[in-house]
């Protein structure tokens, strides 16, 4: 695959994916869907690391491990985030992000 | 112990002791005692200083002592005084001493009041004795901040607004000072570890293009507290809202930090830029002088009158400083002292009158001469000093300034000088106006006859200030010589060019 | 030094002032009066001693009796306090102490029932001290200082009745107007000192040692001319020369003895003294300035004499008369030359100053005695007082004759010299002087006839003769007025210090006497006989009379300038500007900060997505700007 | 791997041990004894803090993943001091009825977050840095929603976790770019070359750190989270979390990103101005004191950037010094806010009216704290701020300095507003007199002593400067 | 264009499409499922690059863990059939501009950069090397991060429990 797909193409894919995540994060109303968007962004980053590792620096596996840890952290983050969402849901019976604006200015 | 350090230690200890005082009587006693000691040691300092000078000690700065503080930044607690500083310290001591007596009857949170007042004074003393820019700046801000609480808590009228405005404007000035001080610190060609020591910095050169940037900063920075037009507007509001002693101390001493700083920091360290740019500020101060005086003419609130006249008088200080010669400098310092004494006297008297009449609007009063002869006579004496009557301090100062200003021959300086001189007429107008409306004429109200006569502490306050005014007014030679001698350092740098 | 004791001449009144001032309210009234009188008596004695000693010695050199440095400005300029004795200062010492002593004694009676007796004597002593200090000043600056002190004591004394609004206003006016004049004086001093490097009269009055550039520097006049003109401005203020005269008539609000001392005999002639003191300088370097002096003097003398003819307040008539007489002196100085016969004007001027002091003080004291008796200043409410106050009447008549210039009273001699001096130089000035001589005689005798003759008026109390303590000083002054003219004045005082013998120029003398008699005659017909001729003349003159009666509206012009222009059009707008522009600008900064703060609050919308939006935009913008910056 | 090497990680080991001990204790405490864990946590943490001050060597271990030197130790110690004070102040809050059986958990979360901070400071590898950052953040997001029955607390948690997830994604994207262009993750081996892609990577990376420090425009979460979180957590966020990020920023910029100096100086130049100004502009309109302190801390972050921008030993020293001062000042302010919130449940400015009449000591502490934050002599904040200004002037950025001092004036305005409320304004019903508990008093006294002494006692700064010079 | 390239582009297309769907789907559960596809696509790419372990982790942790977690939470907090409101048009427009701008900017930078490869002597991503590296404490060893992440997971667990657990039910607090 290294030989057949230029790195730039791979990076275009990841960048697109990243900004799709950004788009989702900025537009989705539901907190959980925002979390989904973050996961997409992280996924794009993971791909980035792996592509670089695979294309440019094979053998050191640094990008590979980085991705691994990112996945783990993403899981932890998601767990805490969901706990907080549920907590919020208990409090205000909604997980609409636009309702979460009691504190402002 | 070095007498200069004890000048800082005594008020600090007094403030500490005050924290443990409980009754009003104790508080008064401690405050008055502490400041009496301070006054006495200031006189002793003066005596020692003159003694040293008489003994042929020609060193520019006496009683020096240096404690390394932040060696890696070149900050050290350097202290020492020249004639100017001695004079200013003495002024401070007199004013704070009388200020304590003028606020004898403060009964709201009296402990905090005196503590703040004395902290303020500590800042002022520190400012005058320090030879290190950093320390000087530290004390400068220390002196400014208690003002907020003093006006805010014990003031009258729109006190919160006034206190905030005053504090912010003065701090705005000190913001400029920070830039200026650091600029001087970093651009002077000191070898090795940089230093904040004024004397050392004074021996080194700062590139002219840098001077051009930092001179206005330092000058305006100090000028704000010296009521430089158009940065003077904190003064009327601040003074009118402040309690008596605070107005006294502020107009009497704090505003002098401005002139002192302009002279000993801005001009001393940045002489070339001063020479180049003085004309700009000369215009501003010229405006200050005449504008303040004219604005005073139509005021009706006693404190506004005094505040605006302070703008005019302090404008004269800065005006003289910008004349960049020895005579004018001497005049500037004399004017600072003279104005300090008489404005303190005015504010003290205004406070005393206010406590009786419950108003400060002159048109609502009248005929006080008949019912309060002592205070009225004091007011007249203050007024006469203010309009420059020979035999009182104002005359000495103003004449020295005018003679100094006249040493410039070019048309610009001449015109500026003549405009400034003409303020003496306007001064006469507003002083006499106040005296005529306030003190003379028929007694305004029957109830005035029930006013208590001047109390002992009021007499102490006013008499001490009048004595000061008279001493300077009648025998100015020692003082002006003492000041002149200290100016060599500053003037020499100007000649270098 | 042999003249060391002259220090006491100045110091004694100061002591009296200090004792009375500090002891105010504690000393019994009588005592303070006596302290002051004794002090001034001592001064008087010492002054006579000095005069005797000085004039009996052959030389007329300046003597520095005492000198000490008071304040040092720079290497060359310093203010000294000292005592300078020369012919004119010694002469002035004599005049001042004599008149002072008389007034002090007179005041013991006059002020007897007033409140603030001690304050009165304190101020009076302060005045004497200042005036004495002024005349013996060794340098310009010392003179300026005492000049100011004289001004302030004048202020305090005019405002002696401080609960009377008119007195307060008058004192304020007097001080401010003279202060304005002193501004010129001060600038003049500064200019002179800048060019000469000294304040000392020693050097200044010895023009040989000085070197001024007389090339025009400003408006076609040399700087020294400007300087001397400005100094003359100070003199004009104090001596109530037009247009700085407005304070003098109002100054009559003060107690009458004060008017006699300050506003007739001593302080108001300080301007003349000043010009005389600097006369060599004027003559050598600024003839233009001297011309101005002459012109102002001539104008004022005529102007004041005309107004004097129309006034009804006894003291105001005298005040305008004083103005007129001082104008005379100024005129004489202005036309004077230097040395020998040329310097006749100088001598004449000071001679007139000398004689005028006596008879004008006498007139005022007499007026005081009258006012004391009738409790009014308005001459229309007086009449036939000769019956009630015979002694005063005689004394007043002597004074009137003296001022009218009827021989052999002193006024004749001094006035004659002035006329002679003008006659020799400027025919127009001579004409004016002659007219004024006639007017003087007229208005003085108008006064005299109305007050002492005329119809008996209704008085609240029957007028009574003044007490002895008031009469004695008047008698002394009357003797002086009558006889002072016989002093060989030119022998002692002349422009160049050389003795000058004064001759009577018969042509001039006869003219002046004739015109004076004519004036008296007119007054006689108008007022003695009770005819209504005066009313007709007034009608005929119409608006000219009205404007003279209203002092040519100069006061109104002043009020317009001060209240209308300076107060309303300058000071008020400035105060407004300060509050509403400068201060508002500072507040505006605060308001802008607040406004911006409230405008940008939407950024903190509480919407976490908007936060993220700003976050990522921030990142991208930074990247973009960095790319832009690097390319 | 030698013991010597393991000992290099003393701080972290001690903290991990602390976590374990607390866990064990927690299991052994009965329901009623839960409050004992407050004392045990404080004691344990005191020991940890003291241990940190023992002399230690510098070096690196785990193949360069972990580095330590005196400066880093000092940073950790400063953070430990802050945490200790926070622990002391937290007691009264943890004893309220909603929290009584969740005491240990709070300390565990805090401790793990501190571990993250420590690892982040000592990171020698981007992965360690990232892990540290996440470990610093994630437990705190949970702690931010600790007040389960308050919707504001939940809201704070939401905002914090979402923002931080978003920002760490962006940071990671930047990291991936840096990785792609250099191929190295060890700090010791990364070589930057000022390529555009590295600029991009750096900015993305910087935004992640800037998020933690609350640099404008990455600051927007700050106020809301500070307001909603339990105040103890807020103080942790504003002091420890922010402090750690600042330390890392200084370390990384000066060492790692040195080749990009021109780039980051520009970035910091701009963001510093915005941070100070925006922080101030928002602070002046706040009524809620926690929110107020949030914006004030944003402005303070802007000032701190002044020390960073020089990129010199002096700048580093001033930053560390300022953070030290800031720890004491800010925690003193928060301490008062916490005490009053716990006693009276009030956090609004108007509630502080007339406080001096009833609670003079607390008011004085608050005043000192605010004055120190405002940089008023003779308090430590004055020295801190002046030295920061010195650092920026040393680099010649006079315009930046000028803007900074003007901002210092604006900041004085709003600090004075609080002082005004306490000392000048009158109130119908001021917070009545109360006595706070001993730990709070100890904590506040410590802060006050710190505020007063640190400035006067110059060896503190001299020592820091010395260390920075050595490690530079 | 070789097979792997075709496969890659196909998977890439799938990933992008499903990502897009995941961030736009109006039904929330569907969004979660689309996410699963996107993540699966990523795993496929890992497989293609012979990173089997990573692919497995991706599937287990992401697809198996996170997505399940998400779905659970969706079930807890939402009505499945409920359609979400469409976001504001303005929001969409602005965000799209931002998204496109950001993409363009990043791609501009990325495509203009010449990536330089530094191939090191090849350790294959076999389980053995991965295990060695993960537990190695020398240079290139990841035992320390491994330890740290265990603390992190512990802390996250505690955090999640503390936040989600309600010890005393209290009406509607």
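Observations on the model:
As written, the chains take the letters A, B, C, D and E, and residue 1 is the first residue of each chain.
Please note the rule applied: a residue touches a chain if its C-beta (ideal position, glycine included) is under 8 Å from a C-beta of that chain, and two chains touch if they have at least 3 such contacts.
Since this is a predicted model, take the numbers as computed values, not measurements.
Taken together, chain A and chain E share the touching chains C, D.
Farthest chain from chain A, judged by C-alpha centroids: C. With centres computed as the average of Cα coordinates, no chain lies farther from chain B than E. When chain pairs are compared by their number of contacting C-beta pairs, A-E comes first. Taking each chain's centre as the average of its CA atoms, chain B and chain C sit 37 Å apart.
In terms of their C-alpha centroids, the spacing between chain A and chain B amounts to 65 Å. For this pair, chain D with chain E, the centres built from the Cα atoms lie 30 Å apart.
Chain A and chain C have Cα centroids lying 96 Å from one another.
Looking at chain E, residues 91, 95, 98, 102, 105-106, 109-110, 115-118, 140, 142, 145, 149, 152, 156, 159-161, 163, 166, 173 sit in touch with two or more other chains. Counting partners per residue, chain A has 11, 18, 21-22, 25-27, 34-35, 52, 56-57, 60, 65, 69, 73, 76-77, 80, 83-85, 87, 90-91, 97, 100, 102-105 as the residues that reach two or more other chains.
Residue positions of chain D touching 2 or more other chains, listed in rising order: 127, 131, 134, 138, 141-142, 145, 148-150, 157-159, 162, 166, 170, 177, 180, 183, 196, 199-200, 223-224, 285. You'll find the chains touch as A-C, A-D, A-E, B-C, B-D, C-D, C-E, D-E.
Across the complex, chain D is touched by residues 69-73, 75, 134, 137-139, 141-142, 145, 148-149, 152-153, 159-160, 163-164, 167-168, 171-172, 175-176, 178-179, 182-183, 185-186, 213 of chain B. Listed in rising order, the residues of chain D touching chain E in the complex are 1, 16, 19, 61-66, 98, 101-102, 105-106, 108-109, 112-113, 115-116, 119, 125, 127-128, 131-132, 134-135, 138-139, 141-143, 145-146, 148-150, 157, 177, 180-181, 183, 186, 195-197, 199-200. Taken together, the chain C residues at the contact with chain D in this complex read 593-594, 596-598, 600-601, 603-604, 606, 608, 610-612, 614-619, 622-623, 625-627, 629-630. Within the complex, the chain A residues that touch chain C are 22, 25-27, 34, 97-98, 100-105. Every residue of chain A that touches chain E in the complex is listed here, in rising order: 1, 3-5, 7-13, 15-24, 26-30, 32-33, 35-37, 39-40, 43, 46-47, 50, 52, 54-61, 64-65, 67-69, 71-80, 82-87, 89-91, 95.
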